[in-house]
């Protein structure tokens, strides 16, 4: 899959990671262009459904990043987020989503280099994993279905 | 059973309750809820280990609240549900009169939720071993196998929402699944709409599910829905040491945090 | 109506031949202790040990989600495409009561403003019913004017005569076409008496009494007493072979989208809510009243037949154990 | 009978978007392809399912009169997903339209009679179609009165048409706003529609009353009409139940055994009384 260009969606918090990404830009650090950044006031505001929506509309990888613990502009947003990610990662893994494609991280406003490195590593890993098609056009599966018990698709 | 009937009779006649929710055993052996308002209905009341439906779902019902003072016969799961709902400040202290039958067969009436909390800490049921084993078996499968298993199971969901209706913790007046601005969950029951629905349901029950396993019992398609919340409860127990329905004050996973919560996957 | 017989051990061969003719064959398969209509690879995956399937064969004509149309975004307008429904289906193993329900659904959808999707599916589907030899406490077909011997609504009626062969009643020409396609499997036969082979379902209430009484009890509070246990899910409506209510939902992606029809149920509070927030059926007892009134009063007024066939699925599926038999009896006594 | 897929909408281009009041807009729609337009005809009181592709369908009446050819109009308030999507459409974009559905106002049976339209807020559009239709057949009716109220002056819809009706001699317009909703230069009445109706009581002799508005307004207006001597056969209304299919199948609009979208939405008051109070 040499020419596969993965689409990565990054959900980042405005005060730290977004500023860090901005710093990477102003200090001319080159990093892979595959990332589309979505800015949130805080990681505490990143709803888990958004990650599902991103995977469903064609994202091959996801980065979720915000302030380090104790740095949160709203004091406890990232603590709540941390618990939410722990539980959500367990649930997605249990259902069988490919959680290797979801990278969680803390990037502060001063860590432009870490942001660039994070993006490059994620893009490389997802490029090697290939496109994530398991969770796409599932809204066609079962439409007009005449069988209630779908045939077992396990290998 | 006679002791239970006398208790209900005294509550009804002392009009400390206007309605008493209990179980009844029908001629064909089926256990169904019964709503006792008049003394002559008391003789139908029944309690046994085969009473599985979680009657706590009825305390949210508009027409039940209309009765004012309500009594409820609770098994251990109903007690855990009522304590968790009370912890989430959903009803005042004097709304409910809770009665249970303890393992020794004695009828116990609780004066307040502190007594309920103590009773639960003594009689707390262990997670159902059958479901723990199923979660274990599934967790050990490969990722693709697990994905195909759940995709196959969840694709049969017909979105009748019996799992939501039978769950005592699902009491939101407007469920996220009913929101269409934004359309968080695709409404039709194709595989995508089903997966989105069951992921959201499990996440909104994270740290709140008391594992009465009613969602799996009532599913017309026999989808093992409860495994999703059993797995999350296991993770919460190991990582945060919390369990739903054991404390009277708000203390469940997603609405509290510890500064030194440990994790191994955030870089 | 003419009659055939089919050796029971010839059934696998019949299914293989139907499949070779390019048709999909649906038969009941066990999942847990419930039977569902499904495709199958080998004959032994089929179960004959069931009183009634969990979901009804209505899913074949009126699936839980289906496309009404698909569209593509052109630069200045849309190109709209209707779905073509061509796959031919043979459903085996439904019960005689389901046949009556399919007849009701066809009347409901096709008599006035006919529904093209359901008509196409019906033309492409052959329904083979397997007469019931056993019943359970929730079956009440004989109380609503039907019985295990009923053939109405099925294309072919199979009855296991217990002597190693099925007695086949050909009800419609679609059934006849299927039988004539495999002459070597079916042997001619004269009419047989199948009644002793069939389940003897006891009558539970007097239907006449109920259909005359139900229009008069609309305002009473028997509905509140009956529906206190109802928790407002859609299970009874979705497993019911005659429930026909649906919702229309749109979905889109940047290139185009689709308009889907999916099942809906009057038990849900959202079913009748107005944009202003006003809800004509505010509480669960109104919704439960509407379900019973629709099946035993309104459909009599609109299509002069009740829309309940006594299959008992709503009783078996109800999370709160509500039984329409008990509630109809309580209407009788109201 | 060879069925056709009843859910395929006409494609309509938005000719004109008029801002009527806060969150209320009027669309003027033209058929994209002329054969649809040639085949299309409707009568006063009928409605349609207007849709934004990918968002869903919404039910509004056809607000323009059948006597005005070549276009149809609809007025809607932005309250939900589909109406919000509609409100975002600019002039020239395409929306879907299915219809016409439902029964009609029996205007032929009203010839030679007085007409009084009593309506409030966003319920004027269903009656505006009838009013313009009556004005285009002006000689068929005796005098026409319109009593129209809204919460505030700003909430009045079709402001320019109200001015036109006000200036015409062959139609009597009484406008009112709820108490406290008037502005200093407001010249119309101030008060709820039922009270203003009592202030200007119409004679019930040989008169047809067409009432449409929120349930509270209807509940207070009908007793007044009864007191004025109107009998049930002289009063008409159009019901606004939740609707999805529009052709009497999906079950959302049912009141008793009635499908409001097929057997209604126009009901004479005596027919309405036969139905259970589920609307």
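Letters A, B, C and D mark the chains in the order given here, with residues in each chain numbered from 1 onward.
The working rule: a residue touches a chain if its C-beta (ideal position, glycine included) is under 8 Å from a C-beta of that chain, and two chains touch if they have at least 3 such contacts.
None of the values given here were measured: they were computed from a predicted structure.
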Chain pair showing more contacts of the two, B-D and C-D: C-D
Chain centre separation (subunit A, subunit D; CA means) in Å: 49
Chain centre separation in whole Å, for subunit D relative to subunit C (CA means): 39
For subunit B paired with subunit C, centre-to-centre distance based on mean C-alpha positions, whole Å: 32
Subunit A residues counted as touching two or more neighbouring chains: 139, 142-143, 148-150
Shared interface positions of subunit B, touching two or more other chains: 156, 158, 186, 188-190, 193, 221
Set of subunit D residues in contact with two or more other chains: 56, 80
Interchain contacts, given as pairs of chains that touch: A-B, A-C, B-C, B-D, C-D
Residue ranges of subunit D touching subunit B (in the complex, touch as defined): 56, 80-81, 84
Subunit A to subunit C touching residues, read off their complex: 57, 139, 142-151
Contact set on subunit C toward subunit D in their complex: 68-69, 71, 73, 76-78, 80, 82, 108-110, 112-117, 119, 218, 244-252, 257, 259, 261, 264, 266, 271-276, 278, 280-281, 286, 290, 293-294, 297-299, 301-302
Contact set on subunit A toward subunit B in their complex: 48-49, 52, 56, 69-70, 76, 79-80, 82-98, 103-106, 118, 134-135, 138-143, 148-150, 152-155
Interface residues, subunit B side, partner subunit D - complex: 180-181, 183
